[in-house]
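One structure is given below, encoded as C-alpha cells.
Order of writing sets the chain letters: A, B, C and D. Residues in each chain are counted from 1.
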Amino acid sequence: MTEFTSTDLDGEADAFRDECGVFGIFGKADASAVVTLGLHALQHRGQEAAGIVSYDGSQFSVERHVGLIGDTFTKPSVLARLPGSRAIGHTRYSTTGGEGLRNVQPFFAEFAGGGFAISHNGNITNALTKQRELQKRGAIFSSTSDTETLLHLIAMSERELFIDKFIDAVTQLEGAFSLVGLSGKKMIGARDPLGIRPLVLGDLDGAYILASETCALDIIGAHYVRDLKPGEVLVITNEGLRSYFPWGELKPRFCIFEYVYFARPDSNLEGRNVYETRKMIGEQLARESPVDADMVVPVPDSGTPAAIGFAQQAGLPFDLGIIRNHYVGRTFIQPTASIRHMGVKLKHNANRKAIEGKRVVLVDDSIVRGTTSQKIVQMVRDAGAAEVHMRIASPPTAASCFYGVDTPETSKLLASRMSIEDMRDYIKVDSLAFLSIDGLYRAVSEPGRDNACPQFCDACFTGDYPTALTDRDGTETTRTLSLLAKHG
Amino acid sequence: MTEFTSTDLDGEADAFRDECGVFGIFGKADASAVVTLGLHALQHRGQEAAGIVSYDGSQFSVERHVGLIGDTFTKPSVLARLPGSRAIGHTRYSTTGGEGLRNVQPFFAEFAGGGFAISHNGNITNALTKQRELQKRGAIFSSTSDTETLLHLIAMSERELFIDKFIDAVTQLEGAFSLVGLSGKKMIGARDPLGIRPLVLGDLDGAYILASETCALDIIGAHYVRDLKPGEVLVITNEGLRSYFPWGELKPRFCIFEYVYFARPDSNLEGRNVYETRKMIGEQLARESPVDADMVVPVPDSGTPAAIGFAQQAGLPFDLGIIRNHYVGRTFIQPTASIRHMGVKLKHNANRKAIEGKRVVLVDDSIVRGTTSQKIVQMVRDAGAAEVHMRIASPPTAASCFYGVDTPETSKLLASRMSIEDMRDYIKVDSLAFLSIDGLYRAVSEPGRDNACPQFCDACFTGDYPTALTDRDGTETTRTLSLLAKHG
Amino acid sequence: MTEFTSTDLDGEADAFRDECGVFGIFGKADASAVVTLGLHALQHRGQEAAGIVSYDGSQFSVERHVGLIGDTFTKPSVLARLPGSRAIGHTRYSTTGGEGLRNVQPFFAEFAGGGFAISHNGNITNALTKQRELQKRGAIFSSTSDTETLLHLIAMSERELFIDKFIDAVTQLEGAFSLVGLSGKKMIGARDPLGIRPLVLGDLDGAYILASETCALDIIGAHYVRDLKPGEVLVITNEGLRSYFPWGELKPRFCIFEYVYFARPDSNLEGRNVYETRKMIGEQLARESPVDADMVVPVPDSGTPAAIGFAQQAGLPFDLGIIRNHYVGRTFIQPTASIRHMGVKLKHNANRKAIEGKRVVLVDDSIVRGTTSQKIVQMVRDAGAAEVHMRIASPPTAASCFYGVDTPETSKLLASRMSIEDMRDYIKVDSLAFLSIDGLYRAVSEPGRDNACPQFCDACFTGDYPTALTDRDGTETTRTLSLLAKHG
Amino acid sequence: MTEFTSTDLDGEADAFRDECGVFGIFGKADASAVVTLGLHALQHRGQEAAGIVSYDGSQFSVERHVGLIGDTFTKPSVLARLPGSRAIGHTRYSTTGGEGLRNVQPFFAEFAGGGFAISHNGNITNALTKQRELQKRGAIFSSTSDTETLLHLIAMSERELFIDKFIDAVTQLEGAFSLVGLSGKKMIGARDPLGIRPLVLGDLDGAYILASETCALDIIGAHYVRDLKPGEVLVITNEGLRSYFPWGELKPRFCIFEYVYFARPDSNLEGRNVYETRKMIGEQLARESPVDADMVVPVPDSGTPAAIGFAQQAGLPFDLGIIRNHYVGRTFIQPTASIRHMGVKLKHNANRKAIEGKRVVLVDDSIVRGTTSQKIVQMVRDAGAAEVHMRIASPPTAASCFYGVDTPETSKLLASRMSIEDMRDYIKVDSLAFLSIDGLYRAVSEPGRDNACPQFCDACFTGDYPTALTDRDGTETTRTLSLLAKHG
C-alpha cells in the first residue's frame, strides 16, 4: 500500500489511513514540550491535527491545532500557554466524527470532582448506541467523536471514587481503545481487553510516560519499561503505579496490520521490532512466490523494508527504481481537466535509466482500491521495464477495519470483489502474489494462524472481527446529527 | 458616560460596557443574511464577537466570529455556510465567562429529540449554583457561560414535550434574560418575569422576527408588532404564534438605563422613543440644575441628545466643542511610558477655537469611575474654557449591575465612595449636577419613582435589586474552573 | 455629501473619497509610536492602508499594513520593528495606482548616497508623462504610484547635493503635493507652488513635526508653529530649519473643499477653524435660501456643523432626525437579490418619532452622484416627514478633481448633467438649494470670488484648474501597464 | 551530508542548503498549473518560497508565496489569478539578499518596451559592484537580490532590440546563472558561459519547457529535448527556437556537486543519471576504502544511493539502521535548556534491534560542519553498534561556494581546519574515509581530474574557482544597505 496524503488526484484515498497516536508524561518540567516531541515521533499515526492538555498543579490548559506538530506546537507562544509538569497529547487522522477542531483531542471535561482530559487511539464500536442512551438521560454532546461518549459515561456513573467511575465507564465500551487520561492527581493508561491497539510504558529520569510506540520514547531518550497488558488500567500518581484488570485475563488479539504498515520501522511492539518483522515478511514472500527477475524495486517508503528482505532472500539486486517526492503538502492541486489527463506524477517518479529493459519485482505493503498500484505499474512500464512482477507484503485486504483505521467501505476494496488473477489483470502486471495468512503469522514468529483461537486481530484480511459491532449491527447505522457544520 | 472601547489607556474600562443583542427570523429565504443585517443594527449592544445558527429544514449550521459583523459575517463564503429560511443570531460584549470563541453565542445542543440553539441577552444570577447541581447529576459543561446552564436544565428536565422542558428550565432561572431559541420546528422568544431586558416582535412579509430593539427592524424595513410581555414565552411555528405565561402576571421592572445609555436613539422601547426620552432627560436636567453659561457642549456621542434638550430648554447655543474620532479600533496603542505621559487624546479632541474664553456646560450621560470625566474636563480647560460646568443626564451610579451589563465592581464606582461635592473636586469642574431619580422617572413620563413598588429596574442608581442574587450571596462566590484557558 | 465607506450597496462610491494624510517627527524617542498617533488623528484622510518608515541613526525600517491604524500599527511587535527617533508615516485612500500593498506609502529608495523615504498627499498631474521619459532612460518602476516618479527624478538628477537633486525633481512636477521626506540626516517638508493641499509645522518638546492637519498636533499635545508656505521646501536637520522657495513667490490657491468636507472640524487650516467655517457656511446658506420649516436635521456626520449654523441663523430647532451607525466595516454585505430589494439601511436610519408630521430641512455638505441623497430623502419621507427641503453646504460639484481626491468621472456627477430644478425632481425634495460660490467665499471671510485671480482652488465647482493637466491632455490618457495584478 | 531543514537545534545549518529551481512553459493552456507541477518536482532545490509569473497575451500576473508549492500555489484562487498560456516560476532557498517576500522570484520589471519577468538559479559574483555603478546612474533597487541587477542592466542598455539589451546585460555578469525569462513575445533561457548550473529544454505537446532538472519534465510527461549549452541564450517564440552564443565557445565547468547531493536521483544532467552516478560513487568508495564490517547503513535519504552501491560492491548487507522522520516542518522546537540537553532526535532515530552488536559502515554524502555527523555517530553507538566506520561519498568540502549554494563560511567547514585523522577523532568513528577527487571524476566516467583544465566546477573541494569573484575581492565586501527590514 502506498500512503497518499489526504487528497488523491481522484479525490478518494487509496490507503488505509493512519489512525491516532497518544502520548503522556507525568512529573517532568516543561511536560508539554516533551509531549510535543513525543507526538512528533508519532506523526505517522495522524497528520491532520493534534492537541495537548497540560496541568500545572492547579489548572488545566488546552491547545489544539490543525496541521503538523512541527508547524503548530513548536511555537514558544503555544508552549507557554501549556504550563505544568504533567501533560497528555494526541495526534490524529480523523476516523469517526465530522471535521473541525472540536473533534481534535485530547477531550476535556469539567466533572463535579474536577477536570479530566483524555486521548484515544482506536474506535468504540458501540459509541453511538451509548450516546443515544446518554442523551435520553440528559447528556449534551459537544462533538461527534466516540471518545466523548466515554466522558459522559464517567460523568453519569454512580460509583463514588473517580477510578471506579472510570472503570465503570470503560467496561461499558466495545471495540478498540488505547487511552491516556489526565486528572488533577493521576495519569491513567488503559487498553481494551484484547489489546488491539498498542500502548507502552516508558520512564524518563523517573517521570512515567505512556506512548503508542517505542519510537516516541527514543526521540527523548526515555527508557522502555513494558507494553501495557490487554485489559489493563494503569494508574500513575505521585505514589507510583497501580494496575487494575477489570475484565480479568483474556487472550490478546493485537492488530497484525501494525507490523505490516502502521507502526514506524524503528518501533518495537509487543516484543517484536517492526523493521525486522517487515524484512522477515519480505523473506517469507520471496520463499512463497519467487520470481525470475533482474532487480527488486520497493514502492517507497512503506514497501522498502519488505523489498530489502525479498532481495536478500532472492539474491537479487535491490535498487531505487522509483523516487518519492516527500514535499507533498496537505492538499495538492485540483488540476484542470486538461492537466488531469496528463497523468501527473506528484509523489512518485520512475527512474528510467535504472529500470529500462529490466525485469522488475515491485514490492508494496498492500493493495487497497488498486488505483495507485495501476498507476505505479503503468509508470514503471512507461519507463521501459521489460517485465513487471508485483509482490505484496500481506494477504489480500478484503474487509473494513472498525477499530480506528480509516478504510474504504468493503465494496471498494479490490480484494473483496476480484480474484487474484483478476487483480493481476486489473493492475496489469506479469505476475502478482500476496503473502499467505499463515506466512504472515510465520513472519511474526508464530507457527501459523490458530484458526480456533487466532493470536492477532486480522479482521481486515479474514473478516473475523474479535469484538461486537453493536452500532453497525443495530438500527443506528448512521450518525444522524442535526448539526451540519460548526465553524469557529 | 463616555463609551471607550475595549482598552482604555489605563487598561481599565471607564464605562458600563454594552451587553448583548439578539435577533431571529422565522420563514424568510436567506435568513442568515437578514440576521446579519439585524445584528449590524444591534452592534452597539456588543462589539466583541457574534454568531449565527441557521436551520434549513433538515440540518443546523453554526458560525461564530470575533469582530464586527460587517467585517466577519458579510463574506459570501460565511453566509453560504448558513443555509436555510430560519436563523437566530447574537452579538456580544463578554459579560460572564472567560474569553474565547467557545463562549460566543448562539449556543447549540443536540438533545435526544433534536437540535436546539439559543441566544441570550441578560445575566442569570443563579447560574453557578445550578451548574454545580447539574454537574453532580453528570452534566458536562463545555463553556463558562451562564447560558449553557439553561441548555442542561432543558436536557435534564423530566417533562415530556419540548416546550414543557423549556418552561421547566427557564422557571428555574433567576436574573435577567431575553432569549431567542431555534429548534427544528420552532422559534421561541422569552423574557424574564420582570422584563428587565428588551425584546420586540416584528414582521417582514409574513416572517416573524424577534429582536432586542426596533432599530433592528428598521434596517430591513420590517414592521414592529409589539414588545414581548415580561414573563412571556412566545412560540413561533408554521402555524403561527402561541404565548405562555408560566410565572403568571407580574409588575414589570424594565431597565431604565436602556433609555439613558444602552439603546440606540432611534429605537422605541416599551412604547417610548429613546432619542425623545434623552432630550426630555436633558430638559429635566436644565430645569433641575440650570447654569449661567455661554454654550452647551455634548460629550459625544452618548451625551448629544441630552445636550440638545438641555440647550433648547436653557436657551443656550448648542455647539460641537469636542470632536470625536470614530476610527478607534478594537485595541489601541500600549504606548511607552514616555508617550503615555503626553496625555494622548485618542478618541476626543477639544475644538479650541470654539470654546476658548467661553463658559461651557458639558453634558454627559453618566459618570462611572470618573477618570474619563477628569480627562475630558482637563482637555476642555486646556483649550481655554473660562468655566466648565458638568451636567450628568442620570443619577449617580453607585451600584453594580448583575443583569447583563459589565460594570466595574461597586467600590470602583466614583459615586459609591464620594459625595457630589467631592466628585466635583475630583473631576475639577466649577459645578457638577446629576439628574434626580425622580427627575429621571419624570423624563420617562412617570410622576416620580414609586418607592414601594418601583416601575423600573434602577438598581445601578438605588442598589434596589429586583431579583435574588443567589450566586453572589451563596458560597459560590467565584467561578472556580479547572480549565485555565482553551484555545483552538 | 455622505461619506460611505468603500463599498456602497450599488458597488459604486457616491462620495468624494478622502485623500491622504502625512505625518513626520524628527528627534523624539519612540518616533514611530508618535507617528502612529498622528496618523490615527488623520485617519479621516484615508482608511485603506498606512505605512511608517523610521530611522534609528544607521538603518531605516519600513512597515506597511492594510487597515485602520488602530488595528495594525498599535501592536507592540509592529512598533518594535520601527526603532529610532525619526519617522514619517502616511495614511491613504488609494487615489492613483492599482490596489495592493506595494502602492502603500511611504515609499523608500536606496540612492547611491543613502536611503530616502517619502509620503505624499496630492496628485501629480504629469506623473505618467515623466514616467515614460524615465523608463526610456532605464528607470524600472516597482509600483503604479505617481509618487515613485519623484523618487526616480531625484535618483536621475545630475545635481551634486541631495537637496539640490530634490529641488530639481519637485520643480519638474505639476499638480498638488504636500510631501514629507526622510533621509539619513534630514526631514523635508514641501508644498506645491499653489499650496493646494495643507501641511503644517508643529513642535513637541523641541522635536519638529510635519502634519497634514493641526488635529494631528493636538492628539499628542504638540504646539502649532505655522502652516508651510505654498512652494516652500523646508529642511529640518539637527541644526534646525532652513527654507527654500524654488518657484519664487506665487499667489496661493488652497483647496476650498478642505473646509467643506475633507478636514476634521477641530483642525485649523491656513488660519481658519474648520468647524467655525462650516457653521458660517450653514449661516450663509440660511441667509441665501431660507425655508419655512419645523426642524433642521443634519445628514450625519459631515452635514452636522453646517446644520447647526443653519438652525441658529434660521431660529429653527436642531434635531437628530437621522441616526448613523458607526460600525460599518471596510466592506459590507453583498446581499442576495431578494435582500437588496429590501432597501437596507446599513448606515443611516430615520428616527420616525422625531420627524413624523414635521417639515424637515435636511442639511448635507454636497451632492456627488445623487443616489445617496435619493435614499436619504426617501427614508425621511417613509418616516412620515410632511415636507423635505434639502440645503447643500457648497455649490454644485460639476467637475472632477485631479489633485488627490478620488472623484467619479465628470459625467457621473449629478450637477454636471442636470439643472438644480432637475436635481430637485431627481432626489424628490420639496425644495433644493446649494450655497452660491460667492457665498462660499464669504463664509471663509473673503468678500467673494475674485474671478480674475481666484483666492482658492475651487475646480470641482468651477472647472477652473489652476495647474497644467499634462497626463490628461496628452496622449497618455490611460496608464497602460503590463502588470495586471501583483499579489504577495 | 544530511540535509536538515531550516533550523537545526543549534540554530545553525550543517548542510549545503539547496539553491533554486527554475521552470517555464510557452504555449500551453493553464500554463501556471503546469509550472506549479514543475516547481513541485523541483521543490528539493528550494523550500522557502516560490513565485510564478504568467502572461495571457495582454497582461502579466504575479503571485509569490512563502512555503511549499503544494501548500500555496495549488489553491484554485491562486491559479485563477495567473491566467494565460505562458508562465515561468521559481522556487528558492534564499541565497543572497535579506529575507522577505520582495526577494522571492520571478522578478518583474516594466520596461519602456513592455513587461519582463525573470527567474534565476545561481549567483552573480559581481552583482554588488554592478549595483553600485547602476545606482550612480540613477537606478533605484527595490530588492537586495543579485537578480535585480540584471533587470537594471537591461533597462539601462543602450542597444535597440530587446534581445540585444538582454545579451548586453548578461555578458556583463560574472558567476553562475541559469535564467528563464518571459517577455510579451518571448521565453528566454540562458546559461552562464561555463554552464555551472543545469538547465534543460523539454517539449509537451509542442509547448517548449525550460527546467532546472529532467524530473520536472517527467512529472508532467514532457519529453526531454536537450540540455542547454554553456553560454547559450535560447529564445523561444511562436516562430520556434533561436540560439545565441555571445561568449563564443568555452569549455564547460558543470557543478560536480549536483551529482553528489543537489539534484534529484531520478534526474539526468548533462547526459548522466544522478542515481546511477551516486551508486558508482558508492562503488568507487568501496574500492578505495573497503572495510571489514557486518552491514552498510545509509544516512537517509541523501546517503542512500551511495550506500546501495557501496554494499553491492563490498558484498555486505544493506540495511535501514537509521529511520528518518519526514514530518519535520519548516522550523522545529526551540526547546528549553532542560530539554535541549536530552539530545532530542527530531529527524533520525537509530533502529537498535537492527544494529545492536554489529560492525556498521555508515555512508553519507558529505561532511559540512561535522556536528550532524557527531550526533548520528553517537546515536548509532548508543544503539549498541560494535564498530562505526564512516564513508563519505565525496572529497572533503574545504571551500565555500559562491555560485548559488548557501554554504557556511570556509572557516566553519570541518575539512578546512582539520586533517582527516582529526576529523575521525572529532566525529568519533573507528575509521573515516572520503572519496578521492580523482575517484569522484571516475564515478562520472572521466579518467580523472584534468588539473590543467578541469572538466567540472569542483571549487568546494579544491578552492579552484572558475570565475572572477569581483564583489568578494573588491572593497564591496558586504552589502551595506540602509534598509534594515521591510515588512508588508
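Convention: contacts are C-beta pairs under 8 Å (C-beta built on N, C-alpha and C of every residue); 3 or more make two chains touch, one makes a residue touch a chain.
If you're wondering where the values come from, they're calculated on a predicted model, not measured in any experiment.
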Shared interface partners, meaning chains that touch chain B and chain D: A, C
Contact-graph distance - origin chain B, target chain C: 1
Remotest chain, chain B as reference, centres from CA atoms: D
Rounded Å distance, chain A centre to chain B centre (Cα mean): 51
Between chain C and chain A, distance of the C-alpha-averaged centres to the nearest whole Å: 62
For chain A paired with chain D, centre-to-centre distance based on mean C-alpha positions, whole Å: 36
Where chain C touches two or more other chains at once, by residue number: none
Touching chain combinations (by label order): A-B, A-D, B-C, C-D
Chain B residues within the chain A interface of the complex: 51, 56, 59-65, 81, 101, 104, 108-112, 114-115, 132, 135-142, 151-152, 155-157, 184, 481-488
Chain A residues within the chain D interface of the complex: 29-30, 33-34, 36-37, 40-41, 43-44, 47, 68-71, 73-74, 76, 79, 204, 215, 218-221, 264-266, 268, 273, 275-276, 301, 304-305, 308, 312, 317-320, 323, 325-336, 338-339, 342-346, 349-354
